[in-house]
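Take a look at these structures.
You will see chain A twice below: alongside chain B first, and alongside chain C after that.
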Partner chain A sequence: MTSSSSASLDTFHNSPPRFVQQISRLSLTGNLQPCVVTLLVLFFCIYAGYRSGDFWSTLNWQLVVQPLAEAGIVSLGMMFVIASGGIDLSAGAIIGVAAVTAGIAAHHKLPVPAIEAAALSAGLLCGAFNGILIGVLRLSSILVTLGSMILYSGIAMALSDGNSFAGFPEGLLWWNDAALLGIPLEFLLFLTTAAVAAAFLRYSVWGHYVLAIGSNRVAARYSGYPVALTLFGVYTLQGLLCGMTGILLVARLASARADMGQGLMLMAIASVVLGGAPIVGGSASVIATVVGVAAFYIVQDGLLLLDVPPFVQHALTSVLLLASVAVGNLLRGNREGRR
Partner chain B sequence: MNSSSRLLRVRERFHRHETKLASLLLVLGIAVAVAAPRFFATVNLALLARSMGVLLIVSVGMLNVILAGGIDVSAGAILAVVSVVLVRLGNHGLTASTVLPLGLLTGAALGAVNAALIAELRIPPIVATLGTAGLFRGLLLEWTQGEWESSIPAWLNAVGSPRWGGLDASVLAAGLLMLVAALILHRTQIGRALFRFGDSPLAAMRTGISSRQPIYFAYISLGVLTAIGAVFYAAQLGAVQGNAANGYELTVIAAVVLGGADILGGRGSLLGTFLGVLLLCSLQQALVLLHVAVFWQNIVTGAIVLLGVILSAAPRLHRKFVLQQSSPA
Partner chain C sequence: MKNRHCHVLASLMLLALLLATACSRLPRNSKTLFVMVPKLVGIPYFNSARDGASQEASRLGLHFFYTGPTEADASLQVDVIAGLLARHPAVLAVSCDDANALAPVLRRARRYGIPVLTWDADAQPDSRDWFVSQVEDETLGRHVMDVLAEQLGGRGQYAIVTGSLTASNLNAWLYWMKKQQQEKYPEMQLVAVVAGNDDQQQAFVQAQSLLQAYPVLRGFIGNSSAAPPAIARAIEQAGLAGKIAIAGLSTPNLMRQYIENKTVKTITLWDPGKLGRLTAAVGAMILRHETPRDGMDVPGVGRIRVFPEARKIVMGTPLDFTRENIGQYWF
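== the complex of A and B ==
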């Protein structure tokens, strides 16, 4: 044990270099992992651009940002869910229900706004059902959404009889074709949603409740926060965003199937986690989530252009998830518990 | 012992999750007996037992993981990898005595990868296994190039063929493994450590339980059990491919939590898991016999899972909604 005076002298002489201090400050504010991911993706972009001439073409980026926008919107909803200390395994199934609802509405020759309203309200209802079970009845989110995932995918299958719908009106497909200054409208919609989500998270009392419930639900209840109502809102919002994604998917693919959203649920969870949000909740950042989802789609697209076999692409994106979470954990110094 | 304490004990037993599940099964059984008496024919019961074998074996492994406070969504991918390994090596002419140990080793190794990511790198279980699920599946599909292995070796075929009055080896194996699991969970140190570690890792570590050993034990045991399940899975199907058992892990998790295991760890039982598997499988069998369209089966299954979740929380809900309102605040 050194005395206090020599200890302070020691720190004076061996004060860590400036950039280490900055890194530790970053890691304290929780912004480290998105930075690591951004850096990794930037390096990857430079390499991909060097190896493939098409990577930096406008067309490539226009093609990347559309699926990115769809996954991004679900990820924003998932971010709120995870921030509140929950998880939503039924997101993909809700997208399927919304898409099939849109298909049925289009089949009955309803006007475009009615189709959109039908899909949105189908998503909203599915989300609200989750919200009642999780928020009001206080059931475990992973169990409820596991059950409702099976339930909703069954509903989507039963509604569509396992068929796919086609023949959507031009007005709906407009979502896919429209662009502003060469930027696809879908992507602009995603950015707007992200901005609104950020405002909600940061400036609304609801966002404050969500984070408080995620970091300590019991304390939030004893502080008089409306836990049930807030959680109901979180899952309803997630349902609404899934409905939105369903419409965008239908517009881009010009068809609707019950299993449309299958891969998006895992992608959304992975994106939120890749952005550095703890899976236990209590913390969220819209920018980190956007970075997470963008990283997945940019890397996947780059691997495609680099002629990496499709199944290896799948494996490599999983490695990206594991590696960045592991690196983020190591840099944070293992302070967080498991789970 | 006076009568009131005995009454309390009876009430306590009634509130146990297994009792509720058993009553749910009883109700379902009576309904099925009325609507489709064929369900209780010997042939159909043997078929039911066969359909339960693989799910039960993997569920016992998943129970270990959930008891230890973890979760594994890569179990379906592990099942696919091992079944393809078994069939491919077998078709290359290797004998059963070399292929089977290799298959079990593969399962154990994949489980160890999960455990290492969770125990050493401190990645949350759901994230770690989400990543390895994509990794295992991607590498497997690259290896098989998406092609079917449409024939299986003769010895593997013999494993899956029904005998003993319609039962096959998977039923026997599931029964044996349940016995072994019961012994390990209740009579060995590592088994008790699983419960205590899952209940509170910190408290377990303070009492001298390793912070890594239960994790390794849980995930490797799931890997090995999934590999054993894969033997019967491949044998029963007679053909495998890289996309086999896609989403199987969710059925397994549903069965275990339907059986009353606490997703936060530390609570759960083999009997409950068995009842959960029995409920899911007999429900599916009954729906087929009742000529319910295949699309409706998911709706009923999902509703039953939700019902199970609500049932398991029933005492708490009872306190919240009935007792709170009747007593003055």
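== the complex of A and C ==
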């Protein structure tokens, strides 16, 4: 599932035969970090299951996949942003804007589809604004999104006046309790989104452009790739996914607040990095991102069930992040040394 | 070769860390498990509530477990509670960061047959069995405004530094403070309400800029325990100690230095240790299928008021800390 643009850009020069590329993708350039993370998490699950009788209960997994799904959807958007060589610090604030928009729509007694459409378009607009500044005006993504983070959370705060909206219609809150064969619908929505994202990344020309821009923006521009349009798409998509997360959060918390997505922005960046994607861009993998975000939530939940004090939970979770990144780098270093 | 050693070593260290917690199986004590969730862990106020509750819980034979988010964030708190539901506690007691946001997860807990108490800060009434309240919002808000107005002689500009603009209990107190001022002290003027986000450094910066922005400011209200000490520090640094009045809600430990050097005359709160104790006592009553009665005497807490309609238990009246009595309190 790992896609890397280096191979595709090479086609402009003498590229090695296709089967060599494929083998190298599997073994040498393959990103081993998700495997390391998966192993660590599996080991942790066995340990947690041994120590706490509640860890492997159906209820526990039903409960843990819901916040995981929300963080996961933002992480998918963040994956595209990071793959394109950028970063989005405003993701949490966009979630806040989308949630508050849903709150206002519900306050005016709009029907459920209209509430959802309002939240999605609020997210989309915020993302598109970032996209114009970063893609078309070529401003640095960290500066733009730092600014828009403050702008969007200001807008959300002003729209809600610091209050939390309640009184959402049952049709919207339905997302929280709906399940198919015992699997929360939220989680299935996340898996579907991940599958679509994987297809986009792997098979669409847009996915190819994103990776090319991430690995070398100047080269991509000189190759005649539509850099501005592609980046506009990346940030707009991220906005849309934030809008989706906003709706899911509103449904689960039955309320909307300006500061709702606060923690999710860093969680999304950390998940992408934990999956082994280079923070400088040029490479992305949906499976790795899903592994990254799942690792965080499963480990945190397990530590909670193991009576580990909250601050120690954080410390141990960061140890997981640092250790995986370190091991991933060592493996990568080994490969480059060998080549 | 060297690199491989490095990463083997790194993995071993991680394993050691994970194993270091212990290898024994945790007992499944869900029949007597009393779980207490604060808005956030690691601040003296909630630590003191935890100590009170844990003492009372062990006296009453409950297994006490205390955990919560490390930041005051409603969605983080909901995630923590959702995780705890898998343990099926006998009683769940939550100090809610947001009355609306916590309601669905608490309702879900009740659906699973877990009795739910809210303490310190309430959730939507239909999402919990009982609310254990320190003091009525109205009594407290009006009282704090009276304390400030008395020092200002009922006139002049004042500003409020609150915790976060979204905390529902802080906003309720804020509402009654403003209302009391509008009704009883028309010559006082509120110039600004700013948020210090329960962080002393942020509150300090906010207080400093308020002092610069409003040169004739005569009083401050600190509406979350981190705010009054930060305001007092800002006033001392500006050389205005004794010239600007401070009222508000904070703990004796945080305010001791400022009350002893007379920068602050009076600070208001209640005893969170007692509140924790009462919460654990109510939890034990629920487990014994007893109903709290109005005016009943709870050991270590005193007479409580019970409102069966609102399913609310009120611990008592606000407590003012001054130079005379602050030595008796330690939290």
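The rule is short, and it goes like this: the second predicted complex is superposed on the first by the 306 of 339 C-alpha atoms of A that agree within 3 Å, B and C clash if a C-alpha of one lies under 4 Å from a C-alpha of the other, contacts with A are read in each partner's own complex, and residues count from 1 in each chain.
Just so it is clear, a residue touches a chain if its C-beta (ideal position, glycine included) is under 8 Å from a C-beta of that chain, and two chains touch if they have at least 3 such contacts.
On a predicted model such as this, the values are computed, not experimentally measured, just so you know.
Trainee: Clash or fit: chain B against chain C, after overlaying the two structures on chain A?
Mentor: With chain A aligned, chain B runs into chain C, so clash.
Trainee: Give one of first, second, both or neither to describe whether A:G53 is in contact with chain B, with chain C, with both, or with none.
Mentor: second
Trainee: Touching A:V112 in the superposition: chain B (first), chain C (second), both, neither?
Mentor: neither
Trainee: Would you sort A:M260 into first (chain B), second (chain C), both or neither based on which partner it touches?
Mentor: In the superposed model, A:M260 contacts chain C only, not chain B.
Trainee: Could you look at A:M157 and tell me whether it touches chain B, chain C, both or neither (first, second, both, neither)?
Mentor: both
Trainee: Kindly classify A:L133 by the partners it touches after superposition: chain B alone (first), chain C alone (second), both, or neither?
Mentor: Touch status of A:L133: first partner only.
Trainee: Based on the superposed arrangement, let me know which partner A:F311 touches: chain B (first), chain C (second), both, or neither?
Mentor: both
Trainee: Would you check which partner chain A:L330 touches, where first means chain B only, second means chain C only, and both and neither mean what they say?
Mentor: both
Trainee: Considering only touches as defined above, state whether A:A228 meets chain B (first), chain C (second), both or neither.
Mentor: Neither: A:A228 stays clear of chain B and chain C.
Trainee: Examine A:A270 and indicate which partner it touches, taking first as chain B and second as chain C; both and neither are also allowed.
Mentor: first
Trainee: Report, in rising order, the residues of chain A that make contact with chain B in one complex and with chain C in the other.
Mentor: Shared contact residues on chain A: 157, 162, 309, 311, 314, 316, 319, 326, 330, 334, 337.
Trainee: Please output the residues of chain A touching chain B within their complex, sorted ascending.
Mentor: Residue positions touching the partner: 87, 89, 133, 137-140, 142-144, 146-155, 157-158, 161-162, 266, 269-270, 273, 278-280, 309, 311-319, 321-322, 325-326, 329-330, 334, 336-339.
Trainee: Could you please specify the touching residues of chain C with respect to chain A in the complex?
Mentor: Chain C reaches chain A through residues 3-4, 6-7, 10-11, 13-15, 17-19, 21-26, 28, 41-42, 65, 67-71, 73-76, 78-80, 82-88, 98-104, 112, 124, 164-166, 168, 171.
Trainee: Would you pull the chain A residues touching chain C in the complex into a rising list?
Mentor: 40, 43-44, 47, 50-55, 57, 59-60, 63-64, 66-67, 157, 162-166, 173, 176, 249, 252-255, 257-260, 262-263, 300-301, 304-311, 314, 316, 319-320, 323, 326-327, 330-331, 333-334, 337
Trainee: Using the touch definition from the top, list the residues of chain B that touch chain A in their complex.
Mentor: Residues 69-71, 117-118, 121-128, 130-135, 137-142, 146, 201, 242, 250, 253-254, 257, 263-264, 293, 295-303, 305-306, 308-310, 313, 316-317, 320.
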